[in-house]
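Both complexes below contain chain A, partnered by chain B and then by chain C.
Up next, the complex of A and B:
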């Protein structure tokens, strides 16, 4: 169970993907890495993708997860992660694949597709069976209530399961046998590695760029055990949580400044106004 | 607010504050939602949260459950039924995406068709269709025949293509997710938009030429009244044949007409990246069956909405404003 619980630690250092040299953003696609970071390193990031289960809404978002530049930088500085130019890596690695490797990728995907189709068929059959069962019980209970005045209601009540299965399985089991092997579905994988080979770890990984003052603030608060999510919609840099925001309200909003930087009073008042409105400390 | 105890205000979040996208959401509600959702899933209200750690097992286990729910929700794979699979082909050499056999509602408002009946997709459209699990995008090359692009590969190849930044894409998807039809706006094709934002669609009542009788009637009765005198009633006593002429006299302050293009102060200030086309005109039969001026009101309402959205878009280039 622990493996499926999302406790699996990724191989360190793990790659953080910069889509291409044109896009200076750091993305994570592997849900295991994301959950692990959240639980063990207080790194939240921001989900930016669409959830395929419920795509027409903006409340629950899905993969990929974008790391704030400060988060990405912190991970690289701690030696937990390294940045990878995703486009270059894909192009190079795909070009280096020979036909047998491609063939095996294809076979893997085919197997996954069959797996998905089988699972679906199974759950469908289960649903049908349960629906039939419900139908049967309902009709039975109406029948039994109708025949409540009959001489031996007790005996009937004792054997609902038997009556149910005496009738039903015959058509159903023949149906299950007659169903052919399902057509394989196709799956869009979320991550590229595997099947591609892991991106090479550079000897001196490039540090993600971030403003010095905001990075210092982030690193300090992170060191104190806080969780930070972007605070731009409250007029600040970070909203700071005492624990995982899934469970905890944020305590305060934070904004960074250089040592001798003049602080605009309007920024303070603005941030304070937002924070007050949302019951946050300043 | 000042006389209320600070601590109590912190501890008691206002339950009437309902903007769900303001807070990180508890994915436990999503799992409850997706199990029961068959036709129209409604979004859950936010859950109760705690102020700080109090070291109880209950708190820890609730947090665990939330994290697990999030993990599970995000692990759901994008699968495609072979029966109605929309297969896209991506050509890495020139960065084009085509759907050879377009079907389904999503493809109706996207892409550009060509003579062979294929649909050419822009990078943002292709990426969005993959992300929402609608399209199965595969490599269009002989060696990689039939192999799909992963979500990651699609992001790597399509972002940055044709100047599509992650900011632009985030705005695009958030509009698409709440159901708008979104097309590229003036920022992409500046030469096509040398005038203003979108050319406002003429309202039906303006474009429709009046019939002979109506013109005759108007020439008889709709004579413009002289400007009202500096003092005295706005509507001078007299003969009025229609309400419109009275309304015209009553309007002292010129109103905002959302169908007009916004005034251009500095045209180069913030080019608008996305345009939301107004809804298609109401068919004549439908308009006839609706009583009164209902159809026109609908159209102007939509136009107003469109205008608001475009203002919002121009104000919020900063992407995080748009995000949950």
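Up next, the complex of A and C:
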């Protein structure tokens, strides 16, 4: 996977994947898109990927990124993105591929796997060589200290090491070993296009649904340059950051309400208690 | 058992006698008026506020307020905008020791439900700074009443600009007569440095 710094813009509009037509969950799989959005459009989302072996993992999560409904809607409204039904599109696009195309996709993956295995083998060999070189220099320096006849108590321990590495393989012989082809790795790509063709851009993209009041609040704060992450941990809708949360503490805990929606004063007082515990403005 | 020796009824509390001593007017319903008086009493005797004043009409529009509002001068500054705080610290001043500013107080009950529209109406009816009062020397027991003729003297658009815009101190009265105070701003104002 190429390193991503958010400088390269994805092809616009980019697809936002909806896991199913019944569930309002929007996912992004491409790390380039994700970093670009975070850097240029203040969109955070939530990383939700766990290691397959540890599904109860709840920190250091990875791809994919789930967008909040408000974020997904904002991106669609700004014309940056469009929603795609993940399952439908995959089924349709895979069905449209003929056998040779499928084979070539498989061959590509296999080739990638070989590439990864080779890279790994190369770096391992490099490490080994450098470690051996270091050891040899160390033993030489011990030998020279021997010749200086210094009464080193450790000198006794070093002697077996010298004999152990006396007949080290030369770098040339290591090179010869690398001709052995390593076992290819199984590559699981995080994105499926390419190789699949990009999902078609609909003429009138469906807007992700979100509560009108919370979307209005999100869009207003987003327009003012704030970053919003889900606030459920703090008993609110959004925790609002004045910049990237990696650099800033949040300023507000935000709740939205309709213009005439009744607000219990006890909630206001209680919510303030939450905020004060976290030293945030209400 | 002597039944006729009932103990005399206890003296009414300071608050009760205070409420009784104040005449009500006809514009707002009595519970709003008594609520405002009780909050005023709390501000005056528990928090040492001065120049307390109950407003019945908006100093800006002269219209009847949603409910009586209180204005007053706290003994020390209750709010410092973070930018002011930084400036004063740079000049070597203690931001908590600054000159107190007159504040608006909105009396509420804890059991009440409010809405954004109602908060908006309250903000629309007040300026940044409550009008200056000339009648504050009338005595502490006698609460001077704003009859709207002296409204709009101090605050409003002509007054000095406060950083952070309009603010109101939300006073919420609980069942056990405790009052909690929260500062609410009109719009997004960044929080204070801790």
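Everything below uses one rule, namely that the second predicted complex is superposed on the first by the 239 of 282 C-alpha atoms of A that agree within 3 Å, B and C clash if a C-alpha of one lies under 4 Å from a C-alpha of the other, contacts with A are read in each partner's own complex, and residues count from 1 in each chain.
Here is the rule we go by: a residue touches a chain if its C-beta (ideal position, glycine included) is under 8 Å from a C-beta of that chain, and two chains touch if they have at least 3 such contacts.
No experiment lies behind these values; they were computed from the predicted model shown.
Q: Now for A:269: first (chain B), second (chain C), both, or neither, which partner does it touch?
A: A:269 sits against chain C, while chain B stays out of touch.
Q: Applying the touch criterion given at the start, work out whether A:242 contacts chain B, chain C, both or neither, answering first, second, both or neither.
A: A:242 contacts both chain B and chain C.
Q: May I ask you to name which of chain B and chain C touches more residues of chain A?
A: Touching more residues of chain A than the other partner does is B.
Q: Quick check on the output: what are the common chain A residues between the chain B footprint and the chain C footprint?
A: In chain A, residues 242, 251, 279-281 are touched by chain B and also by chain C.
Q: Please give the residue numbers of chain C that touch chain A in the complex, ascending.
A: Against chain A, the touching part of chain C is residues 108-117, 170, 172, 180, 182, 188-192, 194.
Q: Under the touch definition given earlier, write down the residues of chain A that touch chain B in their complex.
A: 5-6, 17, 19-23, 25, 27, 29, 31, 34-35, 38-39, 44, 46-64, 66, 86-87, 89-91, 94, 97, 99, 102, 105-106, 109, 116, 183-192, 229-230, 232-233, 242-249, 251, 276, 278-281
Q: Flag every residue of chain A that touches chain C in the complex, lowest number first.
A: It is residues 221, 224, 242, 251-252, 257-266, 268-269, 272, 279-282 of chain A that touch chain C.
Q: Where on chain B is chain A touching in the complex?
A: Interface residues on chain B, with respect to chain A: 1, 9-10, 13-14, 20-27, 30, 33-34, 37, 41, 43, 49-53, 59, 62-63, 66-68, 70-71, 73-83, 85, 92, 128, 130-134, 136-137, 143-144, 146-153, 155-157, 159-160, 165-166, 170, 173-174, 177-179, 318, 320-321, 323-324.
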